[in-house]
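One chain, chain A, links the two complexes that follow: it is found with chain B in the first and with chain C in the second.
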Partner chain A sequence: MVIDLDRCMGCRACMEACKVENNTSEQIFWMNVFRYEEGDYPDVTMKFLPRPCQHCENPPCVKVCPTQARYQQDDGIVLTDFEKCIGCRYCIVACPYGVNFFNWKDPEDNYYGLDWDDKELDSVTDGAVPPWKNPDLDKRYGPDERLVAGSGHFRGTTEKCTFCIQRVTKGLDPACVETCPVDALIFGDLDDPQSDVSQTLRKKSSFKLKEELNTNPKVRYVGQTAPQTDGREIEAIPIEARD
Partner chain B sequence: MASTRRTFLKGTAASGATLAVASRFKPLEVLAAENGKAALSEDLVPTTCWIGKQDCGILARRVNGRVVKFEGHPRNPLNLGALCPKGVGQIAAVYDPNRVKTPLARTNEKGVAGEWRQISWNEALDTVAKQLREYREKDPELILWQKGRSKAKDFYDKAFVDSAGIEKLGHGAYCSDAGYRAAEYTIGCHGVLQPDMRHSRYVLAWGWNATGAGGNKFCYITWPRQLSEARERGMKVVALDPRLRATGPHADEWVPLRPATDLAFALALCNGLIQQGTIDREYLAEHTNSPWLVKEDGTFLREGGKEQVWDTAKGAIGPVGSAGKAALEGTYTVGGETVKPAFQVFKEHVAKRTPEWAAEVCGVEVDQIRRIIRDLGDNAMIGKTIEVDGVRLPYRPVGVMAYHMAQQEEGFQAVRAQLLVFMLLGAIGAVGGVRIDAKWEIDDHYQELDEIEIGDPPYDFTLKESKYFPINSGNPTIAAKTMLDPKRYGVEKIPEMAIIHMANPVVSFPNTDVIKEAYKKFKFMTVLSPWLSETADLYADVVLPAATVEKYEGPMKANDMYVDGVSLRMPPMDPLFESRGEIDIYLDLAERAGFLKGKDGYLDILNSELELTPAHALPLDRRPEVANIFDRWAKSEGIAKGLAYFEEKGVEVKGEMTPEEIYGYAADPVFGGAIHRLYGESLLRYQRQMKAKKAEKIYWQDYTPLPTWREPTMERSPGAYDLYLISFKLVENKQSRSSFTALLAELMPEQRLHINPDTAKERGIGDGDEVWVEANNAVTGGTARLKVKTMYTQAIRPDTVGMPHHFGLWVYPGAKEQGPTPNVLFQAGEGYVACTADQSFHVKVQVRKA
Partner chain C sequence: MTDLAAAGRTAIAKSSTASKVWYGGLGVFMVLGLYAFIRQEVGGQYVTGLTNATPWGLYVAVFVFLVGISAGSTIIGLMVHGFGRKGYAPLATRALLVGLIALAAAVTFIMLDVGRIERAVFVPLLDRNLTSVQFYSSLSYILFGLILLMGLYYTVKASRGMSTARDAKTGRWLAIAAVPFALVVLQGVDGALFAGIQAREFWNSALLPPHFAVGALVSGTAVMMIVAVVAARIRGRDLVSRDVLTQMGVLLVLFIAIAAPLDFFDFLVFRYSNTAGGDEAWQFLAGAQLPFSILHVGGYVAAIAILLSSKRRKDVRWLTAAAAVALVAVAAYRYNLIVVGMELPLLPFFANQPYWPSGIEVMLTLGVIALGLCAYSVLTRVIPMEEEDADPAASPLDATGQTWTPQTTGQQPAK
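And then the complex of A and B:
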């Protein structure tokens, strides 16, 4: 994935599309867009940084996972097998990008405190929580047919961005990419020189987040520069407490 | 615990469907089976967004007939497959279990939190229709229909008002009506100035929250996309705003103007452009009243009723439009009287409005002003032409977007001043220059606003054509003030019944205390809303549950200003609970109140508003189904398949707009035939009439033929009120209808006062601290205050604090904890609602730690 910071407007549509597509629970954001300021008035700039899972080539989360629940597909996508995850949260500690979320609660108890037992609503939704429940998340993906797309967001498991495995399997872009009003997010095959991502990387200089850690993220940023140390985050999204 | 789960999972790993039997989070297949449905079926159906402004095209993904996601419609020119956070998040609004589920009737007194009993639609409609019938028999003008911003074409609601013969209030005075009136008066078109994104090289984003709020036509998606593309080809953007807003990374320069000094800034730009000589004399002489001769009393010199110019060839006056070269400058004597071309008067008018002067008034660096004057002049390329689609046209690639800049005390004149900047540059209607969002044809207001006769009391309760606010779009808070004290304003009749639709006046309009007091006076009120609004909570007798996206509405323009199209909102599923679409509700009300059928009835006016051809017109003797209305409309538009076409495709893309539609210079006649009013003679006439009728200065002071700087009234507040309060919009929210929606509230949980850290620290206020914000009304001395948490930001002037709208609700569970609305602080009376009765969102405040 290539993220064009000259185009990003910080609107967070991608975060919302991710939430609805993947049915993530309250305060769990597989995609997060940071809004921050650099400099002092009047020489101040506002910047935005979308941060999905970086799908590292050398993913620290995979290395520390004791049950191989966290694994990397041949195409580079890093996934969680929810049938193997024991909720030890080592991946949360190991990941330098903070993209992992632990399900502390059963998801039905973590959906905005609304009364999903409402009878009139149930008659329309078959009792699904949330009512916008995506059936594709229940399916199995990859050669080993693993349960990786998010499914029930089971309590006691750790989850993160899957690049919308249920969508890319169908040949669609991830939900964040599809909804972006300004085409700041581009998805494709970094190994294919003709892909949009490769072409964009040839046109613009790029950087990786925390490049010095040699994780070699497959999410590349073009336009602007990496966040400076004096960046001050504003309008942070309240997210589920992570360790 | 974890190992238990693992053991459990291992035992059941064969099928995901059995993973969580005890959980509500069952796979859909299981849930469907439990409800006797065999397999999951899935489809995509087109509709349009309901929650935002611009009605983006949507493809709703459905599973077993139920929507599970809203995605952008890839072929709708407005959004090309994208959706903003609101568009995606509205799914939580659709399924919100806290919606109003059935019609409600009040069981307790008004003015306090409502208590309700559920009633049938039959009872609800009968109750409202009875009131409608009785009041219409007594006097239709006792009924007020009030709406916030219309969704889609306002045909069905306008038809209701017109066929019922009742009074109407919109939202425009809080929005950009001052700007619309300024454009209609000055250049003759009903529109807001905006850049030609495909060709501009240099754009002033003037108070334009481009990437956070959009503008007059587009809320979020379309302009930001065009802006990014334009910047990639090299367009420069200068943000003029007390707060940098999300425009930050998309602006090359930020001019942090002091609030409400935009008029002064514009006059300095005019001064600089004239000094610099970068003015389009050909345009000014041919298409504006710049050469018209002005007498010393400020009126035009007329001979035989015809305005005159100075013919430089003849060295004598001649009628406007006669052959010869008309002078723009100079002083002449005609029949013993000194006369000057209007341009000369303007040049003298701005002679002292230098960049140095404006730097002081506006609180910005003089170098910045000088640089903008130079860049405007350089980029305007005066004299150059360019070919677009085979048509050669003037090329003036300097633009401006200033939609909500109009929301200030001197809004009408500030927008006029801004128009004059771009008139000097010859950029109106030129390629790369200033576009309008409508056709280049003369709006009725061009003439009407020039021919107002200021009347004597009794005045209409909105004070239209009064000596107070002669040019007047109907400000609901002014209406509320006259309701409270009709005698004070020479008003005899105030409305007694209210129908409130998609508006929440007690929260959404300043001053909330005035509105609350006035709305007590309604003897009967019905509110159409998907949620129990605060206005309903306090004053409704009957609440009618409206559907959200799940209804028919339209037609909607699917036009990105370059590619034209049309779309419809169609229900992707049946209305939730017992809610209904508004068109259904109005059809029923009109029928039961007896004005549905026959000539001039609701159906008759629907026919004319929708321009239905005789072959497809609605029969006037029976209530149609709503779908049938849109089927007839589509067929009238020449779409043979009718509604079925839209149900399948969602949008009809008509193709690229022509240069004639885009550029005023390409229109026939040029600019629709309007002569642009640099000099507003009639404004001076109104001032004189207002004085003669003994209106106070605060009413007439801004009726000047040329935009004239004066200090805003708020500056008279005591020195202790040392900060300016401004407001703005958030991309996560739309008006007052979304802040509580679960998914959106998660993104933007609560109200914050944006404050510069230096300003906060001087007052011992930390980031996130609770503070008291107290506003002072400079005219009445009254105060209002609220408590709110702060948010540090360096991207705001140290003398300015800001609070977004959207909040201040209290009925929805948890909404109260989200914080207050700044409308508690903004002032609605004289000094804050000036000139054209349009609302200012500026007030002086003090901030101290709570």
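And then the complex of A and C:
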């Protein structure tokens, strides 16, 4: 994935799309857009940094996972097998990008006040399947048929961005890419020189988050410089308010 | 099993008022712990103070502290086998018991910390990931637990006069193997659990495994000093001689003299590494975590101040106080290590998420510790302690042909 920071306007539509597509619980943001500022007054710049899982080529989370619940597919996508995860949170600790989220309580108790059994919703959606009951998310993926998406999610396990595996396997773009109104997110094969991502990378200078750690993220940023050490968050997502 | 249970009931029936108060107090904490456990299991771990920004906290800190006690106390208890220090013989069984219970409690804390206990128990057996330090650490707990169990078996067998020459030899080799295993494997791997995490600047130091090993020696020595003094009080006669207790005090100050500079210089290098993490860590240690920093540094300084005085080194009360403050210092260090390591932001603009354990976490922690103390108290009554029932001729201690006389008989309790 290539993220063009010159285009991103911090609207967070990608976060919303991710939530709708993957049905993640409250305080869990597989895609997160950080709004931060750099520099000193009066030379202060406001910046945005969309941050999905970086799907590292050399993923620390895969190395530390004691049960191989966290693994990497041949195409490079890093996934979590919810049936093997023991919830030790070693992956959260080891990830330099903070992309992992633990389900601290039963997900059904943690969904923005939606009542799954509310019959009135049926009339509103006109019989359509609500996104949080997307049957694709309960399918098994990959040669080993592992449960890596999951519409209900699972208490006591860790989860993160899957690059919308349920869409990618059908040849679709991830939901965040599909939704971005300014095409700041581009998805494709980095190994294919003709792909949009490769062509974009040839046109603009790019950086990887925390490049010095040699995790070699497969998410590349173009258009601006990497976040500086004086970056200050200007709008925190209150993840401490879990109750 | 039935014999053990009957012996336990008899022991408790014979208890004095003081021990009834002791067990009653432990019972209260255990009930509170059970309540906290039910709350956590029914509702989920949202009842803890942990967040996705601080996913490890009190449970993990107590876990590393207890593994350190397990390793350290075992080494002290095996001084007699591994290093031929006969004066430590009366501590051997108790040390193995402390090691075993501390290890079991440590593993319990990990089980309380994970989200899926029913899967976690199979980590070393199923789906193992050979690149994960956690796999090796879980394996090391099992192996160390087996070593301790076997050590306890041979020691108790010897105390009952049922030991053969082969048992004595096996027991000695077990002891010799346990010392490097506890220091290098158990503590080394435990330190590597954290040191190998590149994302966490505060932990990512090759010095962390040695820190863990030395910290284990400090806490293990301190715990065994307290055990020796408390056992003497209960028995009404000394468990080990005053000279041995003073020697342990010397050992303690020696271990602190290694641990404290390690802590200091490791942090000093990090502080002056010109990284944002170095500044942030300093702000945490001197700010939100200051009470624990004071306990860490102050505990070591107080212990050294007590133990450097030759007069105080011979006074049991001062020795006990030094052991207690050293133990608190190690606990505070472990807590700060975990919490500060977690709280340093991964990216500059990540908001800090101050962590403070919830009431449920504290109750559950105290409950498990009370359970461990209760298990120790009951088992020391049920299992024959070698210094009471030892038959020196059958003891593994005599594998070399030398005999030893418990130095406790007829001595007055330590004052």
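Basically, the second predicted complex is superposed on the first by the 217 of 243 C-alpha atoms of A that agree within 3 Å, B and C clash if a C-alpha of one lies under 4 Å from a C-alpha of the other, contacts with A are read in each partner's own complex, and residues count from 1 in each chain.
The criterion applied here is as follows: a contact is a pair of C-beta atoms (placed from the backbone, for glycine too) under 8 Å apart; a residue touches a chain by one contact, two chains touch by 3 or more.
Since this is a predicted model, take the numbers as computed values, not measurements.
Of the two partners, chain B and chain C, it is B that touches more residues of chain A. Contacts of A:Asp106 after superposition: both chain B and chain C are touched. Shared-chain residue A:Glu120: touches chain B; no touch with chain C. Of the two partner chains placed by the overlay, only chain B lies in contact with A:Glu178; chain C stays clear of it. Once the two complexes are overlaid on the shared chain, A:Ala94 sits against chain C while remaining clear of chain B. When the two complexes are overlaid on their common chain A, residue A:Ile86 makes contact with chain B and with chain C alike.
Note: residues 27, 84, 86-88, 106, 155-157, 232 of chain A belong to the chain B contact set and to the chain C contact set alike, using the contact criterion stated above. Residues of chain C that touch chain A in their complex: 43-46, 48, 50-53, 55-56, 110, 113-116, 119-120, 123, 126-129, 131-135, 138, 196-200, 276, 342, 346-351, 353. Of all residues in chain A, only 5-13, 15-17, 19-21, 26-27, 37, 39-42, 44-48, 82-84, 86-88, 106-108, 111-116, 118, 120-121, 124-135, 138-140, 147, 151-157, 178-183, 224, 232, 234-235, 237-238 touch chain B in the complex they form. Of all residues in chain A, only 27-28, 34, 36, 49, 60, 62-69, 84-90, 92-98, 100-106, 155-158, 209-210, 213, 227-233, 236, 239-240, 242-243 touch chain C in the complex they form.
On the side of chain B, the complex with chain A involves touching residues 1-3, 5-6, 9-10, 13, 16-17, 19-20, 23-29, 31-32, 34-35, 37, 40, 42, 63-64, 66-72, 79, 81-85, 87-89, 91-92, 95-98, 101, 211-212, 220-221, 224-225, 228, 231-232, 244-246, 248-250, 254, 256, 573, 576-577, 731-732, 742-749, 756, 758, 791-798, 813-814.
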